[in-house]
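There are structures below to look over.
One chain, chain A, links the two complexes that follow: it is found with chain B in the first and with chain C in the second.
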Partner chain A sequence: MTKIMEIENLEVVYGVIKALQGISFYIDEGEIVTIIGANGAGKSSTLRAVSGMVRPSSGKIRFKDKDVTNTPSHIIARQGLSHVPEGRGMLTKLTVEENLILATYNRKDHSQVKEDMKNVYDQFPRLSERKRQAAGNLSGGEQQMLAIARALMTGADTLLLDEPSMGLAPLIVQEIFAVIKRINQAGKTILLVEQNAMTALRTANRAYILENGTLLKSGKASDLISDPEVKAAYLGGY
Partner chain B sequence: MLKMKQLTQPRVIIFILSLIVLCTLPWVVSSFILRIATGIMMWIGLALSWNMLGGYMGYISFGHGASFGVGAYITGLLMMLLHLPFFVALIISGVITYIFAMIVGYPTLRLSGSYFAIGTWAFAEMMRQLVLVLDTTGGPEGLRLPPMLNDNFFYFVMFGLALLVFLTAYFFFENSDFGLKVKAVREEEVAARTLGLNTTWIKNQVFALSSMFAGIIGGAFAYWITYIHPDSVLGPLIADQMVIMVLLGGIGTLFGPVIGAIVLYVGNQYMLAAWGQSSAYLIILGLAICLVILFLPEGLLSLPRVFKSTTKGAFARLFSPPRKTRI
Partner chain C sequence: MGLFMQTLINGILIGGIFITIAVGFSISYGVMHIVDFAVGEWIMLGAFTAFWLNMYTNVDPLLLIPFIALFFALIGYLFQPVIQKVVNIKHRSAAMMALAFTFGLSTLIRGSALTLWGFNNRNLITVLSEKNVDLFGITVPAIRAGATVFSILVTAAFAYFLYRTKTGITIRAAAENKTVAGLMGIDGHRISRLVYSIYVGLTAMSGVFIGSIFSVFPDMGLRYTAFAFFVVVAGGMGSFSGAIVAGLMLGLISSFVSVYMGGAYVFLILFFILYLILVFFPKGILGKGW
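Now for the complex of A and B:
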């Protein structure tokens, strides 16, 4: 397997607060990697730094053998990395269709766009039914589906998902994670950030555990699930 | 990608008919009415230009008057110092306000929400102070332009400019890929960037384009009035009125700014005629804005919809707590 992304000694600083104190990790092509950790551990900061939303104070980010450390976020997005932000980032007053169309404006492969659009509607029939409705009128689960569908429509091969389970009912969470698995099987690489540690570990191939801006543990997701320390700290009464 | 909305026949006919009516206006109405019509055209253009930035992109600017003033002064200076013909001066001042807005937009567009409003307002105030102390601009004495006393000419200039801004709003903001990108910036800038949209470029373009229109209209205003003064073209009331007209008519819509400009300008002129120069206008204006924001957040344009819903619904809406507005 080839490494699609490699992060070295990533540091992010907000004013005097060090959100990330030099973390290193990598993602192989076709993997689902999850970063789990408590509130304020630095999970979202990691994703924001990777997608260019915040500038890291030091460290290196390589994506597809290119250094993208200080590349503007829209350029990174055009290289095939799509960040689904926390809170889903809905363009609430625009329709579902407009949300999807907006994602395709930077693509050159116009014939593929049509096919992708059809595939996305096939995969998410509820979005197809609600094409002309404002995205703000969708339910939370549908909005999350739209956010993922939109990321797919950018033509990205790597998706960064920031807390896709946030604010959703358990049944819907199951559905979202099934979708994540499915698009991974279709060939997308996924970096998943979650507070819902159990579900994330069950879905992912490998996992990193983040605490106060440093990496505590890493390994195969299946190993970490049974790790007594992880169990006590993150998996609670499961 | 987005197909141009099919223009239904009646709409096109109404549009052409109103254009014909507006073109024959100078030979039908008195010169007093024509001057008011010219003023209405000017404010329609200004409100529409502000709406590109504040309505479609969601960046509420209180400094848009600065572009108007800069355009007015540049046109004036070009005509007085370099003796350029009016239209040449007008085009140059449009280009200069465009470049100028690019430079101003670079720092201010990094702000958002009320910070952007304060930033642009402070910038406009800075321009006013600058023009007050500079010698070339005549300082507090103001600037005189070569007089041209042809009401018909100015009516057609303002009419043409208003039409230009209207068509730009229609083709570039209502029905285009670019317009959709602009609206994406308004809805959620971070998400827009994750979709690969260069939001910085989009924001700069919209800011510069809407400023350019305000600048050109300012230039035409200067020549029309023949005497400009820091307070008359760079005062805060210019920008305030643009904001209020758009809010009154319906923010982010094509016809909202048009309706807002007509209602507000006619109301203003009527009160001027009835009571002379008094501050009553400002008080009534303030009151009207409060009422619109509280009870009709989508502006006068949404009035038919409110009435169409059942009376019960309309009452419920009137007395329900105010909805969140974008300001």
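Now for the complex of A and C:
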């Protein structure tokens, strides 16, 4: 396995609040890795630092053998990393199709773009039916689909997903996780951040447990599911 | 009835020119979140550039328009990073600093123009000056009609660019959320620069029309700064369609107030209406601002 991403001693500070106090982890190519943790654990801060939305106060981020620490987000995005932010980051005034076209702006492989667009519409028929609707008028589930579809349209090989299940009904959550599995099988590497620990652990290959800005545990997702401590704290005792 | 029709048509015609300024100002505000107090100065500089170029080359000011638009677009392009720097300063009220900065810039440009060129009014003579056309039985100066038609075409082209091209999509995306646009690989600074450049080019171009309809003098931009604010606030900050409606309203209001009450009342009425709009439609007439 080759490491596609490696994070060393990552620290993120907001004013006086230390959101991340030096965490280290890695992702192998083709994996689904999940970071689970409670509210305020620092999950979003981790993703924001990796994608260049916030500057880490210290630490190193390597992506595809390149040091991308302190690289602005629009440059990282062009290197094949796409971050679907918390709350989906919809551009509500653009139509569904414009959201997707926007994602392809920097791509030069025009024939592949066409094919990807067709694949995305095949995979998400509801988006295809709502092409010309403003993204702001979509339901929460549809918006999450669009957010993932848009990340795919950037041509990225690595996706950072921040709580894709947030605010969605259980049935839709299942659907979203099925999508995540499917795009992973199609070759995308995924870093998934979740509060919905059970579903995340069932979907991922490996997992990290984040608490108050430090990594508490890590291991194979299947092992962590049966870990007594994890069970008690994150899986409601199941 | 004749006077009413005359006033109505004049209002619509001048509104057509305001629309171009309004749309550029509004989109630039929408993306950069900076109110450019110097908007009137770009109008004045556009008019003066046409005046001096015409003086030395004898080329008709209307033919100079493409050159002036491009030249000022370049100035805007080169100048935008300076404004951006002020906004990026780590300061609690960076937006306030930017406001103060463009206000100072506007004063500086106007003061320099006064020193260089004095208080004199100059006339910008074009092929269309002194000619008239017949519109719905009303005689209007040809320059007004021509300027309006041209402005509307330019605004339509700009709308096409914003709503039908890939780069237009990136501009609207950056206007809504620069962070998300950044995650899509869009460089927000580059977009801001592009938009500011287009806005300065369009505004200077409109300055040529305004200079040839009225006259050219260093203070000519002042009222347009106030007008631009009216348009942006009434139309809703950053809304394209709102800017069009507000630009047209502005033309009609200033035309009717000038004719029926007197030119001195234009600002009084304008800002009273603005007050009413803000009280009853705080998001702009079409409710599309933020």
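Convention: the second predicted complex is superposed on the first by the 236 of 238 C-alpha atoms of A that agree within 3 Å, B and C clash if a C-alpha of one lies under 4 Å from a C-alpha of the other, contacts with A are read in each partner's own complex, and residues count from 1 in each chain.
Assume a residue touches a chain if its C-beta (ideal position, glycine included) is under 8 Å from a C-beta of that chain, and two chains touch if they have at least 3 such contacts.
Every value quoted in this text rests on a predicted model; they were computed, and no experiment measured them.
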First, second, both or neither for A:Ser51, with chain B first and chain C second: both
Which of chain B and chain C A:Glu175 touches, first, second, both or neither: neither
Chain B versus chain C as contact partner of A:His74, first or second or both or neither: both
Partner chain in contact with A:Leu102 - chain B first, chain C second, else both or neither: both
Partner chain(s) touched by A:Glu6 [first = chain B, second = chain C, both, neither]: neither
Intersection of the chain A residues that touch chain B with those that touch chain C: 51, 53, 72-74, 77-78, 82-83, 85, 89-94, 98, 101-103, 105-106, 150, 154
Contact set on chain B toward chain A in their complex: 1-2, 177, 180-181, 183-184, 187-188, 190-200
Residue ranges of chain C in contact with chain A within the complex: 166, 169-170, 172-173, 176-177, 179-188
Chain A residues within the chain C interface of the complex: 51-53, 72-74, 77-78, 82-83, 85, 89-94, 98, 101-103, 105-106, 150, 154
Touch list for chain A against partner chain B, complex: 51, 53, 72-74, 77-78, 82-85, 89-94, 98, 101-106, 150-151, 154
